[in-house]
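Should a chain be cited, it is by its letter among A, B and C, assigned in written order, with residues numbered from 1 in that chain.
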């Protein structure tokens, strides 16, 4: 496995299978009394988060601690060009303390890649702007695979604000890599620029019509409609979005009862996903959370435990 | 603990010929290993039968016994012992597996390997007599890792060790309670165990 | 060579790449062209070199006052001289902004003191570049700096009414507004990557070509309406070229410039999120690059201007979206244009002289520059070795900054000597 996990492009389908197998074992550790494995004892992992996130950060923190690593949380200052330290100076300060891994979340796309060129530590991208969130995609795929058996040939439908979603970008790469057929659905204003060209090259499909696509879905992934990222003009009103693209009760009925429903969270109940859908028996949203720790343990283990890892 | 022959299809860098430390659990490999056979299928069967009787003798029956095989080949061996105990005592002894990949003391010397499956029987190991089962006892590091692993799972009353082959050259003060065959070997020699559950041949070879 | 030789002979140069001959320079003026008597003159051997008139850059950022850590008028002048320039127009987005006569004179005087190129300050169109009230355009023109070109570059004069007034106002003294065409609602301050497949995939805020085109289209209509002239800075899209062609066919007084980097580099270079390639307007796809080359060759685009934009290292060492916009360009401009346009046969050296010397001087109204290699012209001369095979080393640059997109690339042509009114500023490829 490569030294960094910046993008799903950094892992092969075999790497992913290995991560999933390890994650399955890590899942069992979560149920024990003594939730500890010594594999990363003596390693130091810094969670460097420039953007708020309780969920992902605590997930990585727990994962590191259960592997006996020393994990430390640092809140990076919001990026500001004219005042304060450059990003490089900031990470070099931390990087020169001899840390083994940097789990980084930043509001700028590409920040994790840039940082990986400046530090010796392994860099794990915990979300860079609207670009990627590889550990999320891995835990999503892992959760779906546990439910469906295999993702090969399965039809996974993703609905939401694609333009601003790093979860979408990582997931589409991950799911197609695992052999799934992916259709992404959004209103035209929320489709990323150049998506027609990109989807053709990457092998996924696009649609503006969620009702046409849902009946053939084997799994559904609802993406958060990110109010805070938008400044006007993407859709007229929340209710119009819900009627056009939300997973309402009526749309829930279009899905077979065995079709798992995912959401990376946090959810806007009533906007992109009805409460009934979020709480339905077929929802795997809570499974995603517990999978998150197991998958992140597997990622940390494979990147740091053996020879050829940082430090 | 079986060792990899040089022509293994899934090589781990620690298992090169001449490697003196314990090789990690080997994946199934096709064909007969090199060298001469020291235990054939029937020898293995007899050894396991004897080990099963010894376990019952030492424990004065099957009460509170738990068998934990160390992957890979310790697991089918543990299952075979459990079958024999069931045939003799009429009792189903709990059987499970204990993977020690994450507890190895030489983790940092190789690229990280994925762990194999750990299955602790539903009754757990607290207050039990756990018999660890493995194919080859060599440096003792695997067993030491297994003891560390068990520490995080529970607190057995007693821990014993049953191995199919003891080839000597201990690095740690560890000994087996039940041994199928003592096989004095040079450090340069390779001992290969094959079991029908995982491999297409069965026996123990030394080369 | 003595400081300012009274008599100088440039011997055996290929004049504008056409005929081989000598140039006789007396007291800073070309007095003879052809086969000259070099008695009593200092001789520069130009055998195998192409002689062009000194280059004129319509668009440079010298950063002084305010960001002397990135560049000063002195270091910027050095970079210009090394690149074969004898005059540069220094953009107004300094700190403080060049929006008064005093500020313009300050920059002008710094240029005179540096003494390597003619530094002509560009005046801001609006006070503080805020886009609301006109700056003291007339006073800047009347000052020692004699400002004629005005630009809010860095920012767009977005309010159509302000742009209209500015276009009208400068008619009184033959001024010209150079517009950084970027509609701020279509491409806001975070926009940093050509809007297309790459920006979508990389998650970078898109800068669609149409944000430039709507402003260019608007401004040519305003120029027509006001009977004034407008200049389009750093044209970057095929759509802009279309608008320019139409406007010129209508007799509208519009001129345009293109940067060397927009003639060669494409948006694909952003795939690694390297801020070295972050520039405004952004690098575009190959279709736009080809359209710009064609437009430069056929005159739809009038001039090459570098938009030399030095930045201190730490201003680029940010996440891509946060890093400063801009690339160095003075030292390499001629080499890039030679490779892209001359070596490919799309332009001759004479054409290069037109787009990098004569026309920019005419747009800026410079009397002492861009007069070609004629008898009676000021001796602003650059000697180019067309087969130098120069590999760019960013650390060897005379600019203070290192944000150089050309590092490691090899170019055929390189400047060997530059003369400012007969005085050598660069000889044998190095500053004198």
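What to note about this one:
Assume a residue touches a chain if its C-beta (ideal position, glycine included) is under 8 Å from a C-beta of that chain, and two chains touch if they have at least 3 such contacts.
Given the structure is predicted, the values throughout are model-derived calculations rather than measurements.
A linear topology is adopted by the chain contact network, the touching chains following one after another without closure. By number of C-beta pairs in contact, chains A-C lead all other pairings.
The centroid of the Cα atoms in chain A and the matching centroid in chain B are 39 Å apart.
Annotation: 45 Å between the Cα-based centres of chain A and chain C.
Mean C-alpha positions place chain B and chain C at a centre distance of 76 Å. The residues of chain C lying in touch with chain A in their complex are 195-204, 206, 208, 272-275, 314-315, 317-324. Touching chain B in their complex are the following residues of chain A: 1, 18, 21-22, 25, 28, 32-34, 36-39, 67, 301-309.
The touching residues of chain A, counted against chain C in their complex, run 79-81, 86-89, 106-111, 113-114, 128-132, 163, 166, 169, 192-195, 197-198.
By the touch rule above, chain B contacts chain A in their complex via residues 13, 99, 102-103, 107-118, 148, 151-154.
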